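After this come two complexes, each holding subunit A, first together with subunit B and then together with subunit C.
What follows is the complex of A and B.
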């Protein structure tokens, strides 16, 4: 098996060396970036050119949450951690993570960052808070999934609403595209953070 | 050999080493640890390739989220073992983890 893996790695390496560079879609992305309201090409692709892709990915997290709940082992949640260091530490860390997540979300319009990265930071804060018994995620997973689905619905609704202005679903009117993308990213990041935090403790009953 | 090339060579060797450890090692605990470390190293590699967005996503998904979920369920499998056939090993081999998953499962 190890030899097979090494052979596969070697074959991939040779293939990569032999590969001819192709122009790709970078020029296309750059030509229309002014219409997207953001200057970070990755955000432009994820939230404008291929917004339907991101919408589906968001939906997958909610579906994963609904699927994980019945499949996860049923285990009683651990008693909350106590003690001044862990409670004080998490009490200080969680708000810092929340602010950092907001910054990463905001900066996503112009530099690397965005909803997924922000959601990961927020989910980490939610999970940390839960370990000291100050969790903000609803206990029932279907409630968490329902809240998470609100974020997906905001994205979906905005996508449908775009038809009225541009005639195409998920095609933002160029004038307000930046603001629309920011709003969708906030909703998506909140939904993702909630979904991921609930996914983390799926199957556990209240202590 | 320029310093850049040495750093890249070390990172590439780390990727191969960590990936094969995650796949072939008997202890599921070590496999999970290797997988998380692999995510972190791959994230650094993406950053070195000039793709900071991919690096961030790799760190978030590969090392962070997947790692957290794997660790979580490693813990659940251990607790499941305690309720099961008693001493089905605390050495944390892959088989033990699977048994634990079944014991603590939906049944």
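What follows is the complex of A and C.
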């Protein structure tokens, strides 16, 4: 079986090395980037060209949370970390992570960054706060999933509303695309951060 | 064939292979789940493989695909961990 695994890895390596040069999708992305309202091509792909991928991804996180919460152990939560260094350190680190996440989200329009990176930082802040017993994730079953679903609903509603202006769902009117994308990114990042932190809590504590 | 392309291909193959070995060798569900995660990282690295694309900079479409995939992988892993814990397997000797 190990030989089979090694053969699969070797096949992956040879397959990648033997790939022939292709133009890729970079020229296509660059051609219409002015209509997306952002200049970072990755953000343009995530929130404009293939926005429905990102929408489905948010939905997957909410569904995973809905599935994981009933599985949470019925035993009491582990005692939170105590001690002045860890509590004080996390108390100082969590707000700094929140600000850094906001910056990463804002800069995502023009440079590497964006909603998903911001969500990772915000989720880290929420998880750190959980470990010292100062968590902000709602305790009641399905409340966190419900709040996450609001973020998904904002994204979905905006995508549906776009039909009135451009005739296509998730196709933002070029004039306001930048502002629409920023608003959706805030909602998506908040929903994602809460969903990921709640997934962490579902594995550690009683609901 | 640039050195960077060979590095990416080698890294992708190594991560995929190591993960797959862990999946087929171990019976502990936790180790298998971690193995699937490492395999996923190999697939993501393969998607970011810069070799065949002409021009400078990474192709933004697979790049965005990988960012999306990472979040889905985290959510799937969390659900898998919850299932493993609920099933009560691997309580000792994980």
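As a working rule, the second predicted complex is superposed on the first by the 197 of 207 C-alpha atoms of A that agree within 3 Å, B and C clash if a C-alpha of one lies under 4 Å from a C-alpha of the other, contacts with A are read in each partner's own complex, and residues count from 1 in each chain.
Everything that follows uses one rule, which is that a contact is a pair of C-beta atoms (placed from the backbone, for glycine too) under 8 Å apart; a residue touches a chain by one contact, two chains touch by 3 or more.
Note that the structure is a prediction, hence the values are computed from the model and not measured.
Looking at the shared chain after the overlay, A:116 reaches both subunit B and subunit C.
Residue contacts after overlaying the shared chain place A:38 against neither subunit B nor subunit C. In the superposition on chain A, A:97 makes contact with neither subunit B nor subunit C. In the superposition on chain A, A:1 makes contact with both subunit B and subunit C.
Once the two complexes are overlaid on the shared chain, A:9 sits against subunit B and subunit C alike.
For subunit A, the partner touching the most residues, choosing from subunit B and subunit C, is C.
Once the two complexes are laid over each other on the shared chain, residue contacts for A:199 go to subunit B and to subunit C alike. Applying the stated contact rule after C-alpha superposition, one finds that A:127 touches subunit B and leaves subunit C untouched.
Taken together, the two structures place residues 1-2, 5-6, 9, 42, 71-73, 114, 116-117, 196, 199-200, 203 of subunit A in contact with subunit B in one case and with subunit C in the other. Residue ranges of subunit C in contact with subunit A, taken from their complex: 1, 5-6, 8-10, 12-14, 16-18, 20-21, 23-25, 42, 46, 49, 51-55, 57, 59-61, 63-65, 67-68, 70-72, 74-76, 78-79, 81-83, 85-86.
Of all the residues in subunit B, the ones that touch subunit A in their complex are 16, 19-20, 23-24, 52-53, 55-57, 60-61, 64-65, 68-69, 72-73, 76-77, 79-80, 101, 104-106. By the touch criterion stated above, subunit A contacts subunit C in their complex at residues 1-2, 4-6, 8-10, 12-13, 16-17, 19-27, 29, 41-42, 44-46, 49-50, 53-54, 57, 60-61, 64-65, 67-68, 71-73, 114, 116-117, 119, 192, 195-196, 199-200, 202-203.
Residues of subunit A that touch subunit B in their complex: 1-2, 5-6, 9, 40, 42, 70-75, 112-114, 116-117, 120, 123-124, 127, 196, 199-201, 203.
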